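Okay, so chain A shows up in both of these, paired with chain B first and chain C after.
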Partner chain A sequence: MYETIGLWVAAFFTLAIYSFLYKENPIYRLAEHLVVGISAGYGIAITWEITLEPRLIQPLLAGDNWVLLIPALLGLLYITRFIPSIAWLSRYPIAFLMGTGMGIGFPLTMKASVLRQLEAAMAPVYASGMPWFEVLGNLVLIFGTLAALIYFFFSKPHKGLFFGTGSKIGIWVIMLGFGATFGFTVMGRISLLIGRVQFLLGDWLHLIE
Partner chain B sequence: MKRTVPLMIVMVGGILMMIQYFIPHQYSQVVFDNYTEWAPIVGAFALLLGVGSLTRVHSHRIKRKAPNWPYSWAVLIPLFGMPFLALIWPESLWGGSDSPSVFHFLFMNIQVPIQSTMFSLLAFYIASAAFRAFRAKSALATVLLLSAVIVMLAQVPIGEIFGPWLQNTGLWILRYPNLAAKRAIMLGVGFGILATNLKIIFGVERNWLGGAGE
Partner chain C sequence: MNFWDKMLNIDRRWIFLAIGVVTIIPFLIGIGMPITTTTEVEDIFDFVNELGPENAIFVAFDFAPGTQAECMPMAVGVVRHAFHNDVPVFMTAYFPLSHGMMMAGFDYVTNPSIDGYYQVVEFAEWAHLREAGITTKAELVTEWENAGNVLPDNAANWVFEGRDYALLGYAPLFHLVILGMTSSIANQYPEDANGNALIEMPMLNEHKSLREVDLALTTAGSSACMSWITYAREKIGTPIAFGVTAVMATDYYPYIQSGQIIGQMGGLRGAAEYEVLMVENDVTESTGKAFRGMDVQSADHLLIILLIIMGNIAYFAGGAHKRHQMKGRG
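Let's look at the complex of A and B:
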């Protein structure tokens, strides 16, 4: 019974969202508002369950970690945003998270987005027994990365042999990459659509296996 | 107090956390451990701000009988109903279909299907975007078109009728030129993030202070 009602409700809301393809309508709007309310409500429940209760309330009730009152009071300052005369106090928790987050993020970004990428770009172009298309691919990888970087370098005009030719090759590489990424994204979305159609025709209506 | 202290907190916090990464010492580890204990707590309270703001917007809409105001109940009822249900049935948060509950029902049969259908809806929009973008009007647009078509055909069963070369070419495009473009973009984004981090830490970028009074 529970599963059957759930199936019908899920099918109703699936169709409610697809009804937007025709035009915006009250059923779609209801589904849209419900998803906002449910996801925010779910977020509150999960935040309480996995963060506030075990990390703050329980240690405070146990009386062994009073220092946790500092982040709790700092967090409560967020609410001052609703009181215009003291709204500036909400900058304190934002500053704490912003500053520490930026500080922690700096070396990690340097490592993941810069050093690791440079390291991976310095792969050997040729090794014995390597097929020709891999050698060609490695050349495209190295010179393509450089050319695309030149294209994104706007401090110099894109003229001359290095910047002019480099940026022209760069835009070709970027277009190849964008095309591939677009194709990949289309495939991902289509497979999601197939999943929903399978739900409607299979799980709900039992028209397909 | 209103601007200087928050800017100081950002600078001291940022420099401290940046330095501690490079110091393999127990005190440095204590600083990091305390941060990982405190940050989620402070961050969790930000949810109060979001919930408060959402409640304020929708309760005003109901009070003023603004256009489409009845839909605001569809936001407010689950917004407070879901945490209430989780509070009275805490096990429903983690229980699967073995322990059915209203909380679980709402999440699995409304939230999950709506979200996945919304994402699948993008298939229609992306198809219409593709129709506009993939016109071989210039050499570069043709490269974009060919690259997308080869990558798409290489991943579907119908692509097999063209022979293995199509799948190999699709894979080659993904592994080499696509990676080269992505790597260049990632490097650019990485440098951008680093520059923004430094600008915020040293107070050059202050937009985050918002408009909460001088």
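Let's look at the complex of A and C:
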């Protein structure tokens, strides 16, 4: 019974959102506002049920883990933003998060996103037994990376063989990247439509398996 | 206004209608276009296929409902594959909304109305077997069935909560949770999403931290997947695989080339490839939602290509490009 009601509600709001394709209307706006409100409400409920209640309230009520009062107090300081006279207190939890976040994340992020990528770009172009298409791929990788980097080098005018031709090739490389991304984006957007149509035709109307 | 100008100024609602029609028809008639598999998906499949009951994997539901059409089939596919090979699966969620996605994905794999589902045995139901020291899958199944429990005809196998899976769910600041799990999973999750103590779970006793886990697959609709590389792969070398939305796929190809991830499923296509590989290797009897969606995807892409070609013909044949050039000069 509840499942059926849920299906009908989901189908109604799916169609309500898609009604925007015809023109904006009150039903669409209702659905849009509900998405925002319910998402926020669900987030709060989950955070309470999974985090605050079992990991903070219960241990404190049980009388152990008093150390939890420190993060609890830091968290509460966020709310001081709503009281102008003591709003400055909210800077402490922000500073704590920024500091720990940078300290923990920076070295590992540098390693993951910069150093490893540099290492991968320094691969040998050719090794014995390497098939020709792999050699070609390595050349495209190296020259493509260099050309794209030249395009983003703005301290010299993009003229002459090195900077002029290099930056033109760089534009082509970047455009090829954009093209691939656009193709994937179209695929992604269509996939989302497919998901909803599968729900409407399958779960709701039972026209397909 | 000539014919070409009319084409260029066509009401976009006609295009929406055409996309809608082309999306619905292939679902109803079922084309069944073949799908070839790519190396980056095969690598993930082969990796999971090599694992057994002594291993364990993480499947991270790091997406919200907005991208579930793409990400859910990937996560469901890998969970099914792991269950088929009796590989224990820890399931996590990066955001509060992903927690619901995790529960929905698990429900889909264990839903009795779907053929080939996995029959759940809840943690409390097999407490007496744990207390008797029976924790290996083969022994568990034997003892469970000897006690008079019968596997339904349309079920693929039993899955024991705490031995075959643990629904860990959402925890705030999840990137720090990943970091914490490199030392201890139970410290980050004293209880699972159903309130069961993790330290009582046999799968946790065999895999106490991420260091003892063989793969973490993150299915993500945002850059959340990068946290797994940053805090698990780079810190302790955990093998990582990505299942990402198509929009994000090109951003993460460099991580395959650098060897930081073992493979990547990109969008619905990636999920469909995984479903094809599962059928080819007798993991499942039939393909799932992603494969069925690919017929529609192909039809829609053909329509979009046709519209782009027609738009360009109309633009140039109707002389609109000349008028735009003159406007620019003026």
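Definition applied: the second predicted complex is superposed on the first by the 193 of 209 C-alpha atoms of A that agree within 3 Å, B and C clash if a C-alpha of one lies under 4 Å from a C-alpha of the other, contacts with A are read in each partner's own complex, and residues count from 1 in each chain.
One rule holds for everything that comes next: contacts are C-beta pairs under 8 Å (C-beta built on N, C-alpha and C of every residue); 3 or more make two chains touch, one makes a residue touch a chain.
Quantities reported herein were computed from a predicted structural model and do not represent experimental measurements.
By the touch criterion stated above, A:Gln198 is placed in contact with chain C alone, chain B being left untouched. Set against each other, chain B and chain C differ in how many residues of chain A they touch, and the higher count belongs to B. Within the superposed three-chain model, A:Gly43 lies in touch with chain B and with chain C [touch as defined at top]. Contact with chain B, but none with chain C, is seen for A:Ala148 once the two complexes are overlaid on the shared chain.
Applying the stated contact rule after C-alpha superposition, one finds that A:Pro54 touches chain C and leaves chain B untouched. In the superposition on chain A, contact is made by A:Leu21 with both chain B and chain C.
Of the two partner chains placed by superposition, chain B and chain C are both touched by A:Met187.
By the touch criterion defined above, A:Ile83 lies against neither chain B nor chain C after alignment on the C-alpha atoms of chain A. Residue contacts after overlaying the shared chain place A:Ile208 against chain C, while chain B stays out of touching range.
When both complexes are overlaid on chain A, the residue A:Thr109 reaches chain B and chain C alike. The residues of chain A shared by its contacts with chain B and with chain C are 21, 39, 42-43, 46-47, 51, 55, 104-105, 108-109, 112-113, 117, 120, 141, 177, 180-181, 184-187, 189-190, 192-193, 195-196. If you check the complex, the residues on chain B that touch chain A are 1-3, 5-7, 9-19, 21-22, 35, 37-52, 54, 56, 68, 71-72, 74-83, 85-87, 90, 93, 97, 100, 103, 105-124, 126-127, 130, 133, 140-141, 143-152, 155-156, 168, 172-191, 193-194, 197-198, 200-201, 208-210, 212-213. Listing the residues of chain C that touch chain A in their complex gives 13, 16, 19, 23-24, 27-28, 64, 66-70, 95-97, 99-100, 169-172, 175-176, 179, 190-191, 193, 226, 229-231, 233-235, 245-247, 249-251, 254, 257-260, 266-269, 289, 292-293, 296-297, 300-301, 304.
Those residues of chain A lying in contact with chain C across their complex are 21-22, 39, 42-43, 46-47, 50-51, 54-55, 104-105, 108-109, 111-113, 116-117, 119-120, 141, 177, 180-181, 184-198, 201, 207-209. Only residues 2-3, 5-7, 9-11, 13-14, 16-18, 20-21, 29-49, 51-52, 55-56, 68, 70-72, 74-76, 78-79, 81-82, 84, 87-88, 90-110, 112-114, 117-118, 120-121, 133, 136-138, 140-145, 147-149, 151-152, 170-187, 189-190, 192-193, 195-196, 199 of chain A touch chain B when the two sit together in their complex.
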